Amino acid sequence: MPKLTHFEAGRPSMVDISDKTPTPRTAIAEGFVLLTPTAAAALEGNPKGNPLSVAELAGIMGAKKTAELIPLCHPLLLSKVEVHCEQLADCVRIQATVKTRESTGVEMEALTAVSLAALTVYDMLKASSKALEISGIRLLHKSGGKSGDYQAEPKI
Amino acid sequence: MPKLTHFEAGRPSMVDISDKTPTPRTAIAEGFVLLTPTAAAALEGNPKGNPLSVAELAGIMGAKKTAELIPLCHPLLLSKVEVHCEQLADCVRIQATVKTRESTGVEMEALTAVSLAALTVYDMLKASSKALEISGIRLLHKSGGKSGDYQAEPKI
Amino acid sequence: MPKLTHFEAGRPSMVDISDKTPTPRTAIAEGFVLLTPTAAAALEGNPKGNPLSVAELAGIMGAKKTAELIPLCHPLLLSKVEVHCEQLADCVRIQATVKTRESTGVEMEALTAVSLAALTVYDMLKASSKALEISGIRLLHKSGGKSGDYQAEPKI
Amino acid sequence: MPKLTHFEAGRPSMVDISDKTPTPRTAIAEGFVLLTPTAAAALEGNPKGNPLSVAELAGIMGAKKTAELIPLCHPLLLSKVEVHCEQLADCVRIQATVKTRESTGVEMEALTAVSLAALTVYDMLKASSKALEISGIRLLHKSGGKSGDYQAEPKI
Amino acid sequence: MPKLTHFEAGRPSMVDISDKTPTPRTAIAEGFVLLTPTAAAALEGNPKGNPLSVAELAGIMGAKKTAELIPLCHPLLLSKVEVHCEQLADCVRIQATVKTRESTGVEMEALTAVSLAALTVYDMLKASSKALEISGIRLLHKSGGKSGDYQAEPKI
Amino acid sequence: MPKLTHFEAGRPSMVDISDKTPTPRTAIAEGFVLLTPTAAAALEGNPKGNPLSVAELAGIMGAKKTAELIPLCHPLLLSKVEVHCEQLADCVRIQATVKTRESTGVEMEALTAVSLAALTVYDMLKASSKALEISGIRLLHKSGGKSGDYQAEPKI
């Protein structure tokens, strides 16, 4: 039976990584903001400036705050954060890549970057529609560390 | 054609709410963490302590950080934050309620609370499965403010 | 039987203060750092500069962070924070005064200011002695709000 | 005569640890929240949910914020944080363990974790009694680093 | 002889604004990043994306953090923040406008916004030249509050 | 033609330092707050306490927040931060020294320390004059890292 690593004797606890070896690690996550037609038009028709660039920055800055936001995450030095937002037919797709050379993985940092970029897209579009939805936030890829590489199944 | 309220002359900008009237406002948001069977078993089988309570706290604390995380959000004093996480058959459902008496709404605070609670659930379960997904984050209800009340359509 | 106001149906929750009236409120708290003779001498003998002023600032800045540090505290605008550290025979006494005009009290802000000032005194003296102790942190006085005024009993 | 390491030529300064060697380090601290009978009954009688688990989380999250709260502390990556709160006859005892593999010790992180957990216990109980007191915050044990190990004297 | 309002009996202190009346207040500040020819060319020639928009966002987000960064500043709710960066012949000019409806002015918020936007411009250009300089950060205009309006002298 | 290292394909991005070697690095920056005669007199005549020490602390604490404030900066562990403020005839001169042993330089940390110390000096003096100006913030010296040492030209 799998156990919750963040619980010791019934008490929430930060996992001990004192004996883990620092290695290069990468995580890639994705997520989506589902748009209504009105919101899609508002985003497309913005005459100047790039709203998605605001969301990309929010994602980058959010990745750096992961250990402050997720109670049991370890603080980590990130050696690279990149967030890419792209408007598709009826959604904005967000992808975040995070790297470190520390003793634990950066999955949560990549997922936090995606989540905060998604919330920022939502914030900029919420005046045009209240029926937006943030969806499909998941880990796409992970490499480095003892548990090995992971590649998500493609969605059909 | 709808416009992006956060953009003025092509430049990101915080909307001017100096002339808006403070009124009681509420927002309720929901979201889901989709579980694999292994993750569901790990969560259910945790012998002592309540992992979902960790996520609820992360959501409450996250709501208070909204203006720091979403670049163009106004700082607001929140008069109430409540986050409820519940394990269902194949997911954890999260619902957040936020109240204020300020000059702008708290939709983003409720959505941020849900997102951070979802990330925290994910974090506690990620050792049992890498195929978790955060999904269906949306506004359920909003009241107060000039734009009036909003009630989301039920999903079928 | 008294109930925990921060718990609703077994779940931690930020108390709803939406219907409370904003009024002027003050709280005063105190605390002590118990010194060893070596630490007392190091503090007294510091040739230039005022180490206790560093602790006073840490207390003021800490008061402003209370809602970020104490999970169920409401964010509040503080209209006054003052922290006073004074070296006595075998201890440093710290007193903090905090004021607001909001809908809930500032006891936690005053206690947080004292605690962070005490930790800062400890930090500056820890190279001279490891047997320091932080003690006697309590509310001295509170005024304003529905629950009325409070004045602590003097210690004998 | 002992000197204050955080003062250089009368000016507060962060100690230079550029030439110190990273080694495994641990610190354990303890502290107490002294309860009145009413507060003790309120804590014991809480029907569902674990209030002390809220304080444990506040302590863990607080340890990660130490360098932000204590002006002259170095930022550190923590490899383990654990906080344990236990209700005794007339008090809550708090113990925090912090580990790192960096170039300076984690005493302040352990003491900050204890202090913030204590403030959180206080916050949850303050509606039942205003005469609570936070007391006896001290370093119990420290290992690693050039200054060697330290074990506090037991209190009688 | 003028006195330092932030000092009481030789101790740093946050000015008591409990009795001041909330009124609409505005502050406008400006500042400059002096460019070398190489840095100016790098900024102009950036093929896609708007680097100055990154600095504008950093300024907006920085304004919201003023009370956390400037030790004796009061926390304030900001009702509007706008930052405008413009490349001129041999510099980037930055202008920030901040509004509130609180009991104290927002000069420090406007100056902090300008400073952080300037640092961000510097950061993006520092790979092209190390001889950049941040200069001329000053208050241009202030309205509201008891001390009345202020309009800076134009520079010749 | 020089390129902006923080932009990849038109998108802001944190530079990848995964393959850079950690080495000892130092940066020294300076800046000035230009005083009016009234402000200079207020600063000089402050009867007790040291206002410039408040600014020095704000600079030290600000250096630790650089990665949170400058969107594309990497989080770094700082091994030393020192800030020195000195009142000269018609200005306050600020100098900050920052050290690290990480994979990227600390120029932004030193410049951020200077900027926040300057804003704090301004804040303490703004009641005596609104015509203060922050000026001449620049890098004086940098050592360590692949790009080699840098020494600023003296100003005449």
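A, B, C, D, E and F are the chain letters, set down in written order, and residue numbers restart from 1 in every chain.
One rule holds for everything that comes next: contacts are C-beta pairs under 8 Å (C-beta built on N, C-alpha and C of every residue); 3 or more make two chains touch, one makes a residue touch a chain.
Predicted model, so just to flag it, every value in this text is computed and none were measured.
S.K.: Can you name the chains that touch chain B as well as chain D?
M.R.: A, C
S.K.: Along the shortest chain of touching chains, how many steps lie between chain B and chain E?
M.R.: Graph distance in the chain contact network comes out at 1.
S.K.: From the C-alpha centres, identify the chain that is farthest from chain E.
M.R.: Relative to chain E, the chain whose C-alpha centre sits farthest away is D.
S.K.: Go through E-F and A-E and name the pair with more C-beta contacts between its chains.
M.R.: So, comparing the two chain pairs, more contacts are at E-F.
S.K.: Between chain A and chain D, two copies of one chain sequence, what rotation angle (nearest 5 degrees) aligns their Cα atoms?
M.R.: The rotation relating chain A to chain D comes to 120 degrees.
S.K.: Roughly how many whole angstrom separate the Cα centroids of chain C and chain F?
M.R.: Result: the chain centres lie 31 Å from each other.
S.K.: Report, in whole Å, the distance between the mean C-alpha point of chain D and the mean C-alpha point of chain E.
M.R.: Distance between chain centres: 37 Å.
S.K.: Quick check on chain D: which residues sit in contact with 2+ other chains?
M.R.: Touching at least two other chains: 11-12, 49, 53-54, 57, 61, 65, 71-72, 77.
S.K.: Drawing the touching chains as a network, do you get a line, a ring, a star, a complete graph or other?
M.R.: other
S.K.: Each pair of chains that touch: what are they?
M.R.: A-B, A-D, A-E, A-F, B-C, B-D, B-E, C-D, C-E, C-F, D-F, E-F
S.K.: Using the touch definition up top, name the residues of chain E that touch chain C in the complex.
M.R.: Result: residues 8, 11-18, 67-68, 71-72, 74-77, 102-103 of chain E touch chain C.
S.K.: In the complex of these two chains, what residues of chain C are touching chain D?
M.R.: 1-7, 9-12, 31, 38-39, 41-43, 45-49, 51, 54, 57-58, 61-62, 65, 69-73, 107-108, 111-112, 115-116, 118-120, 122-128, 130-139, 142, 150, 152-153
S.K.: Quick check: in the complex, which residue numbers of chain D touch chain A?
M.R.: So the residues of chain D touching chain A come out as 24, 53, 56-57, 60-61, 64-65, 77-82, 84, 99-101.
S.K.: Can you tell me which positions in chain E touch chain A when the two form their complex?
M.R.: The contact residues of chain E facing chain A are 49-50, 53-54, 57, 61.
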